[in-house]
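Chain naming follows the written order as A, B, C and D, and within any one chain the residues start at number 1.
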Amino acid sequence: MLLIRRVEETLSSHFAAGDIPGFIHLSIGQEATAAGVMSALRDDDTIASNHRGHGHSLAKGMQLDGFFAELFGRADGLCKGRGGSMHVADLSVGMLGANGIVGAGVPLSVGSALAHKTLGTDRVCAAFFGDGALAEGAMHESLNIAALWSLPLLFVCENNGWSEFSPSDTQFAGTAPDLAGAFGIKAQTVDGNDVEAVAQAAQALVAEMRKGGGPRLLECKTTRVHGHFEGDPQRYRNPDEIEGLSARDPIARAAAMLKKRKVAQKTLEKIADDVDARIAKAVEGALASPLPDFAEAAADVYADPLTGGAAHG
Amino acid sequence: MLLIRRVEETLSSHFAAGDIPGFIHLSIGQEATAAGVMSALRDDDTIASNHRGHGHSLAKGMQLDGFFAELFGRADGLCKGRGGSMHVADLSVGMLGANGIVGAGVPLSVGSALAHKTLGTDRVCAAFFGDGALAEGAMHESLNIAALWSLPLLFVCENNGWSEFSPSDTQFAGTAPDLAGAFGIKAQTVDGNDVEAVAQAAQALVAEMRKGGGPRLLECKTTRVHGHFEGDPQRYRNPDEIEGLSARDPIARAAAMLKKRKVAQKTLEKIADDVDARIAKAVEGALASPLPDFAEAAADVYADPLTGGAAHG
Amino acid sequence: MAETRFVKAITQALADAMEADDRVVLLGEDIGAAGGPFSATRGLRDRFGAARVLDTPISEATIVGAAAGAAMSGLRPVVEIMFMDFVTLAMDAMVNQAAKARFMFGGQCSVPMVLRTPHGAGLNAGPQHSQCLEAWFAHIPGLKVVCPADPAEAYGLLRAAIDDPDPVVFIENKALYAMKGDLAEGAGPIPLGKARIAREGRDATIVTYGASVGRALQAAETLAGEGVEAEVIDLRTLQPWDKAAVLGSLAKTHRAVVAHEAVQSHGVGAEIAATIADEGFDELDAPVVRVGAPFMPVPFAASLEQAYLPGPDDIAAGVRRTLE
Amino acid sequence: MAETRFVKAITQALADAMEADDRVVLLGEDIGAAGGPFSATRGLRDRFGAARVLDTPISEATIVGAAAGAAMSGLRPVVEIMFMDFVTLAMDAMVNQAAKARFMFGGQCSVPMVLRTPHGAGLNAGPQHSQCLEAWFAHIPGLKVVCPADPAEAYGLLRAAIDDPDPVVFIENKALYAMKGDLAEGAGPIPLGKARIAREGRDATIVTYGASVGRALQAAETLAGEGVEAEVIDLRTLQPWDKAAVLGSLAKTHRAVVAHEAVQSHGVGAEIAATIADEGFDELDAPVVRVGAPFMPVPFAASLEQAYLPGPDDIAAGVRRTLE
């Protein structure tokens, strides 16, 4: 969680400095959902993510150096600089990619969960999506198919109350749990800024899923602290609302909880120092990484370079 | 209702005789839903239909001669022979077309209802779709938008228990009313083979809608007596099930009800004779109608034939 | 005459069309209260009200389908799809419904709607936010496809698109939004289906559209320095396209280059080059050259994206090849 | 050698692929218990079980997206879309997800999936059940596109498509399903990307694919009676396509006709003709002629549909035009 926060703070300043091309969507204020859910998953489980995917990626164990290099558009990026923030992926840890198309990760998850089931494993897949994605037809189709086929698929709705610049109530007439309920899918809502609450709920749901219980939905009520993307002036938002978010900060709450449990201040500081050191090294590596090679990219559109007379195009 | 039945019986025999190109989907056994719902609609209301649209069309007042000529692929068809059964339409009576794409009529209805509302009328739109269409994402998106915008849109689900060759329970994990409920849309289920029950429910719902009550959903439980399309041997269906359908026949039930209310047998016979005479005339006209002209069709792709140097293509 | 940015010309065209006709309504994601992700609809909700500038949920398939249904029921909707890559979600509505309604219902109705959407790369927005998919729509009978090159063109063509009785896909290259240009006071619609000569020349014809018009003009400038006078034809409308203008120019220059930002293979340029290779064959003195993007998704990294984008140099090289 | 119908060759290829590799699973509407709307999967559910032959709800977008996700997670799915017109609902999954995953994830994964779908007219199925939309897919880097011409070709190409590590759109002209032809015992895959010469000739080259191969062969027969020997090239694969084979034939005949059932404008033929007009320019002795469907939706009535379909006569006329 702290890693996610520090990484995104680092990204925010590097973005402002112009080191990062394109646009990036930060999950500052939402870290507990990724960390909590991932506590229930194993390395061989899979997840599909959305445009706001840094937290999901890092919590699932994505390699930090490759992550930074990717966002900086460098050759050593996990995606060799071809995807960036919106497409960062690490298949080796079951992270099937951030996604630029709202809702599109959900059908991918249906397929991934189907593969887990068909191949006779007890793996599960988790699909992360926002409240805005609830309006997409893909959500509905996926809930239905997951229910009909009893797939090991955890639907994780990160409800941060905003869909870009529009408040949720202009976007969706129901709620995620009600929608799941219409398909007979068991759903639960938790305070998404309370990492323990998220973890407990996710662990219980995933345990049921591993035993063949079928799909589940977890709604995490959470807070988007930054703009929709970095650089968004958020004119559409009441400054008081943003101000009020600090009381719900998941990192501060987790730190307070740990203190209450008598975790030594030194231990916490040590964690923070480690995180910062890892980030510093990753950023340094990313900035030192060469720009990607165009010819190499062009050769990687297909797995199978064609021989003979045929040429793509 | 009787008109629909007799028309479709006529189509069935002409199809078997090879007079009708393509494939046709009959609504024999489902006539009461179309007739009942349409009793609640005015001429200036609109409907959108699906692939099984003969009943909706005729109940909305589609011209019979043009209907037959269309299904026979003739120049005097309502669509000049370009659409056939799956695309028969009569905009002059607010019938926005049968539709070959499952679920696609529903977003069109959203737009039509939006137009009614934006133009300040008290018109409503009714969208007809089957239980199989519930699985399409368009259903979900349309329910959501209709609810958010409080549109005068009546969702009519004709639940005949089949989606082509597959029984409903393999197709949709919930029910239409539950789904509507997830969006806060008031829903009602009726015996779709009881024309009075359908009519009463539709009239009550539409009255609320005209007063600005927003969308409603009406589920009609009904029976598909013929195959999915004409010529379908229905090997996937238990013959006993089909046998049993006669007890629920909406036409027989309506006739019995009218008898009980002391409508004279002669009156009923007169209606039947009128219907048959209209059909006979329409079929005759259709068979006498010339084949459509290709050049005329080619000129009708755009409203606006382009001048100057530009040519389409 | 006032200097206007491209995106402001779009806003102006929308506003003037809404002023002229009450039936014109706008639909799209974040176009109302927020004024649009690229600010193309800024101020319109305040001016025309929330009933005519509709903020929609993230439901591309249904908002395009609804636009078609509304167009069949008395409105003239203009729907915005935030990035052209997202039309992948709305193809049924556009292609099976809007495009075919008139024909398949025997001419009973028109579907007067416009789908506005930005295409193009240059913002490091990556593979799912940069595509140019106009060739898909140009392949579909019943649709018109428009792609303007500068602010005045954007204004006039959008007015014409909204006035048009048929469904129109109106494509705005997002790299042009900030472009400045003159827009005449009281400008009117520019007829669809008519190309314009953006620069006259006698040695070779460059056929292009959208943001590539500017690139072609730069190429022509470079070539002029080499003594080569290239004629630049801005198609404006891709479906229908102005075959007479293209063949007319070819009859003068006998050399043709077709350039666009979309992937070259199976792009709009293929149709133009193929038509030239048939109907213009007797006029041709050189191979018909195409300049388009390479056969790969649009890459994210700035360095890759720059190498990916077909630029003025590529176009100039194409022209030189026809003169070899 | 056994005489087999086209649709049975498809079934056989699916069965053999499933036998050879447990990871091959089928998804589609009514493909299981009912054996498929065109019977292409008849008997497979009984043979391989319901877990590998999945009857899906009517949710095209999600079943194609799920196929992509499953392919990234260890399966090799073959998904059936009942009519090609319905791919309009699944374009995001195919184009933004499956096609790009490999490239945009830096080569971390492949997406070994096949989307099977029937295209084409002739059944009076009307404007929304007859379209040929292969040009859309051929325009998308990352996809392969295949369209076989007879039963043996269907078998071999489908085996290759299922074996292929990349996402493949496999298109079956529905008018061919009943076609009979020989299928060799123990036939194997036919490599993607290689054309075949369906008939040799020296006077003109007809480049075509799918059901139009048969039409081109008929045209060639007619032309032979007039003393014109046309070479017929069956492309088999549209993306990639065998440029060397086409240009090689052109070098011999110096005349080219490109024929397909899809709408001519912006069809696959445009790319081929445009390539010929560039790379084959020096070999050309005549205009490059295209033969495709007119620019209108596929009409329903039998009389209109017959007039609509580009047939052997149209192809023969095209060849004659190159010889004028």
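What we mean here is this: contacts are C-beta pairs under 8 Å (C-beta built on N, C-alpha and C of every residue); 3 or more make two chains touch, one makes a residue touch a chain.
Computed from a predicted model, the values in this text were never measured in an experiment.
Common neighbours of chain A and chain B (chains touching each): C, D.
Using CA-based centroids throughout, the chain positioned farthest away from chain C is B. In terms of their C-alpha centroids, the spacing between chain B and chain D amounts to 35 Å. If you average the CA atoms of chain C and of chain D, the two centres end up 30 Å from each other. The distance from the centre of chain A to the centre of chain D, with each centre set as the mean of the Cα atoms, comes to 38 Å.
Multi-chain contact residues of chain D, defined as those touching 2 or more other chains: 57, 59, 61-62, 85-86, 88-89, 92, 96, 103-104, 126-128, 141-142, 239, 265, 295-297, 299-300. Multi-chain contact residues of chain A, defined as those touching 2 or more other chains: 77, 79, 81-83, 87, 99-101, 135-138, 141, 144, 148, 170-172, 297, 301, 312-313.
Within the complex formed with chain A, the residues of chain D that make contact are 23, 25, 51-52, 54, 56-57, 59, 61-75, 77, 92-93, 96-97, 101-110, 141-142, 144, 164-166, 191-195, 237, 239-245, 248. Residues 61, 85-86, 88-89, 91-92, 95-96, 99-100, 103-104, 126-128, 133, 135-136, 138-142, 239, 263, 265-271, 273-274, 276-279, 281-282, 284, 286-290, 295-297, 299-300 of chain D are the ones touching chain C in the complex. Contacts from chain A toward chain D in the complex involve residues 46, 48, 70, 77-83, 87, 89-92, 96-97, 99-101, 104, 106-112, 114-116, 118-119, 125, 137-138, 141-142, 144-145, 148-149, 297, 300-304, 306, 308-313.
Chain contact summary for the complex, chain B toward chain D: residues 21-23, 73-74, 77, 79, 81-84, 86-87, 99-103, 132-133, 135-137, 163-166, 170-172, 236, 291-292, 294, 297-298, 301, 312-313. The touching residues of chain D, counted against chain B in their complex, run 29-30, 33-34, 37, 55, 57-59, 61-62, 85-86, 88-89, 123-129, 264-265, 294-297, 299-304, 307-308.
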